[in-house]
Amino acid sequence: MINLVSRADELLESKAVQVVIGYEAGSTGKARPAFITDPSKTGSLIFDDRCVQNLAVYLTKKEVRYFGKAAIVATLPIMRSIMMLISEQQVFAENIVVLGVSAEGKYIDIAGIEVMQQYIATCDLGNPAKDQETLAMLNKMSTQQKFDFWQKELSKCIKCYACRQACPMCYCTRCAVECNQPQWIPVQSNLHGNTDWHILRAMHLAGRCISCGECGRACPVNIPCHLLTMHMADQVHNYFNVYAGTTDKMSSVMSTFEPNDKESFIQ
Amino acid sequence: MKIGIYPGCSLTGSARDYNESVFALAKAFDIELVQVPDWNCCGATAAHNLNKELSLSLPARILATAEKNGLDEVLVPCAACYSRLAVTQHELKMNPELKNRIGEIIGMDYRGTTKLINVIEWIDAYIIPNLEGRITKPFDYKVACYYGCLMVRPNKVLNYDRAEDPQTMDIAMEKIGAHPLYFPFKTECCGAGLSVSRTEIVAKLSGKIIEDAEHRGADTLIVACPMCHSNLDMRRPSINKYWESDFKLPVMYVTQAIGLAVGLTAKDVGLQRHFVKVNIS
Amino acid sequence: MARIGVFVCHCGENISATVDCHKVAETVGKLKHVAFSTDYKYMCSDPGQTLIKEAIKEHNLTGIVVSACSPRMHEPTFRKAAAEAGLNPFLCEMANLREHCSWVHEKNDMTTDKAIDLVRTLVEKVKINSALQPIKVPVTKTALVIGGGIAGIQSALDIANTGHKVILVERSPSIGGHMSQLSETFPTLDCSQCILTPRMVEVAQHPNITLYTYAEVEGLDGFIGNFTVKIRKKSKSLDEKICTGCGLCTTKCPQKKIPNEFEEGLGFRPAIYVPFPQAVPNKPVIDREHCTYYIKGKCKVCEVVCPTKAIRFDQPDEVIEVQIGAIVIATGFDIKRADFFPEYGFGKYKDVIDGLQFERLASASGPTSGAILRPSDGQVPKNIVFVACAGSRDPAKGIAYCSKICCMYTAKHAMLYKHKVHEGKASIFYMDIRSAGKNYEEFVRRAIEEDYVNYIRGRVSTIYERDGKLIVKGVDTLLGGQPVEIVADMVVLATAGVANHGAEELAQRLHVSYDSHKFFAEAHPKLKPVETNTAGIFLAGACQNPKDIPDSVSQASGAAVKVAALFSQNELTREPLVAFVNRTAPPLYSTCVGCFLCQSVCPYQAIEREDFKTRDGKIIKTVAKINEGLCQGCGTCVALCRSKSIDLHGYTNNQMYTEVMALLNEY
Amino acid sequence: MSEFEPKVVAFVCNWCTYAGADLTGTSRIRYASNVKIIRFPCTGRIDFMLLLKSFANGADGIIVSGCHPNDCHYTSGNFHAKRRWIMFKELMDFMGIDMNRITFSWVSAAEGARWAEVVNTTVARIRELGPYVSYKQMVNTAVEEEVTND
Amino acid sequence: MSHSAHLIERDSLAYAIEKHVEVHTQKCYQCGKCSAGCPVATEMDLPPSLVMRLLQTERKENDEKVLRSESIWLCLTCEMCLSRCPMEIDIPSMMDYLRQKSRSEKKVNPKMKNIVSFHKAFLHSIQYTGRLFELGLILDYKRQSLNLTQDMMLAPKMIGNGKLHFIPEMMKDMPHITRIFKKTIGKGGSK
């Protein structure tokens, strides 16, 4: 842990960055995001099992950008988010410093985008094992069973959009749900509107979801909505052999094509 | 310096000369060659002609044994064995399902991590770099380097030298003072496994190779495969009979030529065992 | 408040036989905002159109739906009528009651109901249509032709002859291209230079053509009618205005052993040189890579001998920027060289040559003055073998496609050889003889029947050398795969035609697409073979795929007509059915968040970046912007845009949504 | 209602399938009148949300059709559409929304007869599947909720 | 190979080859380069390109011709054809498959019995000693092929040069090899 703290300290001290985004212990015993601008406060930085939130979401927030150049504590999903954000021109590589943390919780020196790319290449990029099990179970269900499952889950949705707010890839200044000419998604939190919203979200994240699972964690009513985007990530890999967030020059799966893309349902 | 070796059946029998020259050369350069323990035959042509699974299982057992004994790098001097082992490694790598099946058949843990090297690669990596100051008798002869089929094909699997007009052996020969000739029959087939069952075909094909090399003024053919050697050397009477001529061109293993150049004796490298007399020492 | 007019056409009885047109007009007439509704026998007839025009004026209509045949048939007709009545043409929609309803369904209530639904849907759509103005773009009436081979020459001349200015850029010191290297041409065996050189001279003398040789295109900006091109004129180390082209320098240059590109390496040239005697312009350039002065710092023999003192050793490259309106790419092709083929000796046999080398040997102005002689010893080959498909139709080591021209030139080569070496033996290994073309098959038959060229169907496995002869190991598949061995004196490989070197870089610089073989890609393989995906850029000749001379010339003229048509107007008018990115007040500027995924989805590079800056120039936000000159209106970006910030005129999100809602719901 | 008449919406591109359907007309080939066409410039323009809107508003089936691969008027719109439909179908399958109700096809401007066949087989299939009850139920529940919420 | 995933089942040798060794015979466009470079094409009754053509016809009588041919046994697996084939068709693998098929259907060309006998004798030798016992092999081959006089002159010289052992060199773990043979060739041994 000393490495992470000392590196953060060094970066702030030398004014190489103006803010360090990391985790600190919250009052309830949970970890919460920390935005440290004062080098003397870096001691409060922690990293342990509690630190699961995808911090990359803050990189596109106006309030955070205001600080200037940022260093960010980054686990694999966060690194992949950063790659996507750079690819989609939302974050500029020269404006961030990555403080890498390995799967074992060890500090890793990420000296630049290329190093990060090499590191990501060594990692397993599939969905987390726990979610893979659930996905496999769902995939075995009949169409009606699946429909019933999701209808039951989605009926709980209160349209709070926490899933969207927590997702680093949902950075649009205006979301499609806020578009009212036409009103694509019914405003009310009813089954129809909820279903449409979650389909829209999953489609918009196809080829962009980096399987961090933050949306599911953020949901106050425990809808496993992360399974929708993770299923899409699975399929993107299955059909196009692509994992999102592996380089800083990702060409988006949905805006590119190969003439010989395989499908079996178009007559 | 210690590396594994899989000699294969020929080297213990009809290619004893090759075996002796490989070990003599290794000894001269302080390389310890450790045999894959209790190795079996690779199955050769017969196995893959008659049964695919057998043809993969026999080499897989050898490779698994090497793995088990911690031999990360294994020299396979016989080009035929080398080919069988390399092809098996490739096929099992490409087909995990087959890999499991073969693993079951041999009842051993097979991972496919062994690095196989043929004799030229071995010479390239361990002999040539240490050659400086060692050459006591430059091999001042015109040589026709004969690679045969199994060292260069299938190129995509072996990924060694170029399939047409390979160069590695020629370069090694230049290093010991020899003069490699332009030789278009470098990779033509000698007749291979038909030696016993269809001797006349071997006589015809091997004869073409010898005739062309003699015609170009070679002092000796240089080979790296016991099967080629036996066809070109032991089958010489049949060749001469078929071609109604009297080819006298000797056939030497690449290790023998290098051995002589670094001061080993003709006997050290087993030249006395050849059928066609070698007037080179 | 919308006031919509609906006009239901009977189309004689074509519609009314199955659809109750009167009922349609009546039902739709009752809809909200429908101010006028009627049916009539022939809406497209003069009286029908007059009816519409009068109704527009009389009822002060804000939109009309003509319910008749397919819009692909009569949309222009009715939009024109609307415009004549003072209604913006894009406020006219058509419901397809004929092709999509009356002609394909039985006469019953359901069919009439469907007709009503179709009309209703378009009534709802037209209510939210916007009046659109055609897009006008000025046209700079100067064309750029890249490449001075036969295709480029033909294109340049054709465009120049329509009275427009042309800039012709050629990379090498002379125009002429591969055609100038050829000896005779199939199927007539007329001399290539004799028919080409007059055209080369015409280019040089044409008042409308500016010729830049030894020059390359470095960059391109803009769009159709309004391009800016950057051209690098490489230094020729010579003042062309003073040089008289006397050639004294070229004879005195001490550096004489540079392989001659024009002779395909079969001859040599000095460092200051004219590529060939008939070159245009016929003035030398200094090849700085090989010139002794540039290498060692001294020599300057040419400067000393030049009678007009035209040599300029310190002349720099010059980069110029020119405004142009259209581009013809005619950069030609290249061939794979003999050293490419492992089994044919990696190029180490001197007497295994490629097709272009044979052309030079056979050419009267070539290194042997037209005698067929072996490069190794200058002897006349008595037995010659031609290998067709050397690298073509060979996915493993060469290219998968057929190079198209080799069958014909190989037949020609064999014939030329037989005409020059009467006692010689010529064999051709081939896979198929592809001789589709006027008088082509007859030509091949002549080679076989009159000149006794030995055609053997099969490929060559290997070639090796022995006692100064080449042993060619082939096969005769018509004999069931019987091996054939020929002891030859010389082998000519009909090597594959491939994209010219530098084609890929040029394509990227011009923003036009190219295929996996690096040939330039046409906009449509059947219907737009001359256009590229980028409006205003056209293709001519073998830069698209290997072509023979007649095909190249035809396409060059085709491209020229496209350019001339473009230049026939002062302004380009385009349908305004293009995409647009919304704009809002600061500080948002647009709901576009600038992810630019639309850029990669656009087939026309029509999406640009727009920066919004503070007064001191700091970028606040970068958003997408549509270049209306380039957008073709496919709308793929619209469906992709997550924040719904892009939309498409004529097919807006709101319009399409409304159509769906209207079709499925009864209001 | 005596017999169930499926409502089918067709989303087609202007250059191939719309023209193909015109050819069906000029060839006087009959097909079921349950299908109504909405014209798009290109399959690349078709938003997946429009398909959902169709189901929500009572469509029992949908046809999406455009140019065959490599024949797109805009060269690549249909390729992009293809990727979009691959992902859309996977998501729908995962959520239990019945993809048998959507026909994806390529129909060229020359395939008039094929268009009729695509329509007829789709209508027959939807007829067999019956009205899209589960989707309608979802929307209806929603509407009821709205009413009670108000 | 993705190709085989979409195979339509057919009753032909070409189909079996596609399925089992993933060699797609329809890829061959009869350029003949394989036959041109094959060292034994002139000895063969059906040069490799002709074998390909016969298979392409997918006709019973042509399939039969291939399985009963001499060519499949004369093939040396030198891989020259594959290394020069423009379509990269793996003829050597196909030949391996054809040989096994020809044997299992008992269609081995009578003239080729020698070659088969040699291969069998070879495997016998490995089966019982784990390694090749060259003298044993030659004796076994002579027994199987009845070529009693062949190579009479060779053996003495080999012995003289120290190239032929009288006693087979045995592996230690012979049961392992026996198990491998049982699991592959089966109880019947290499017959």
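The first chain written gets the first letter, and so on, giving A, B, C, D and E; residue counts start at 1 in each chain.
In the analysis below, a residue touches a chain if its C-beta (ideal position, glycine included) is under 8 Å from a C-beta of that chain, and two chains touch if they have at least 3 such contacts.
Note that the structure is predicted; figures quoted are calculated from it, not measured.
Asker: Counting one step per pair of touching chains, how far is chain E from chain A at the shortest?
Answerer: So the least number of steps between the two chains is 2.
Asker: Over the chains that touch one another, what is the least number of steps taking chain A to chain C?
Answerer: The fewest steps needed to get from chain A to chain C is 1.
Asker: Which chain's mean C-alpha position is the greatest distance from chain D's?
Answerer: Relative to chain D, the chain with the farthest C-alpha centre is B.
Asker: Central chain, going by Cα centroids?
Answerer: Looking at where each chain's C-alpha mean falls, the closest to the middle is C.
Asker: Of all chain pairs, which one counts the most C-beta contacts?
Answerer: B-E
Asker: Taking the mean of the CA coordinates per chain, how far is chain B from chain D in Å?
Answerer: Averaging C-alpha atoms per chain gives centres 66 Å apart.
Asker: Find the geometric centre of each of chain C and chain D from their Cα atoms only, then give the gap between the two centres in Å, rounded to an integer.
Answerer: 36
Asker: Measuring from the mean C-alpha position of chain D to the mean C-alpha position of chain E, what distance in angstrom results?
Answerer: 56
Asker: Send over the residues of chain D in touch with two or more other chains.
Answerer: 48, 53, 70, 76, 80, 84
Asker: Taking each residue of chain C in turn, which ones touch at least two of the other chains?
Answerer: 343, 462, 601, 640, 653, 657
Asker: If a residue has to touch 2 or more other chains to count, which residues of chain E qualify?
Answerer: Residues 80 of chain E touch two or more partner chains.
Asker: Which chains touch which?
Answerer: Contact pairs between chains: A-C, A-D, B-C, B-E, C-D, C-E.
Asker: Note which residues of chain C are touching chain E in the complex, please.
Answerer: Spelled out, the residues of chain C in touch with chain E are 343, 389, 393-398, 431, 457-462, 473-477, 480-484.
Asker: Quick one: which bits of chain B touch chain C in the complex? Just the residue numbers, please.
Answerer: Touch list, chain B to chain C: 162-165, 182, 184, 212, 215.
Asker: Along chain D, where are the residues that touch chain A in the complex?
Answerer: It is residues 48-49, 52-53, 56, 69-70, 76, 79-80, 82-91, 93-99, 103-106, 118, 134, 138-139, 141-143, 145-146, 149 of chain D that touch chain A.
Asker: Under the definition above, what is the set of chain B residues touching chain E in their complex?
Answerer: 9-10, 12-17, 38-41, 43-55, 57-58, 61, 104-107, 149, 152-155, 163-164, 187-189, 191-194, 196-199, 201, 205, 234, 237, 272-275
Asker: So in the complex, which bits of chain E are touching chain B?
Answerer: Those residues of chain E that touch chain B are 39-40, 43, 74, 76-80, 82-83, 92, 96-97, 99-100, 103, 114-115, 117-120, 122-123, 125-126, 130-132, 134, 138, 141, 145, 150-151, 153-154, 157-158, 161-165, 169, 171-173, 176-177, 179-181, 183-185, 190.
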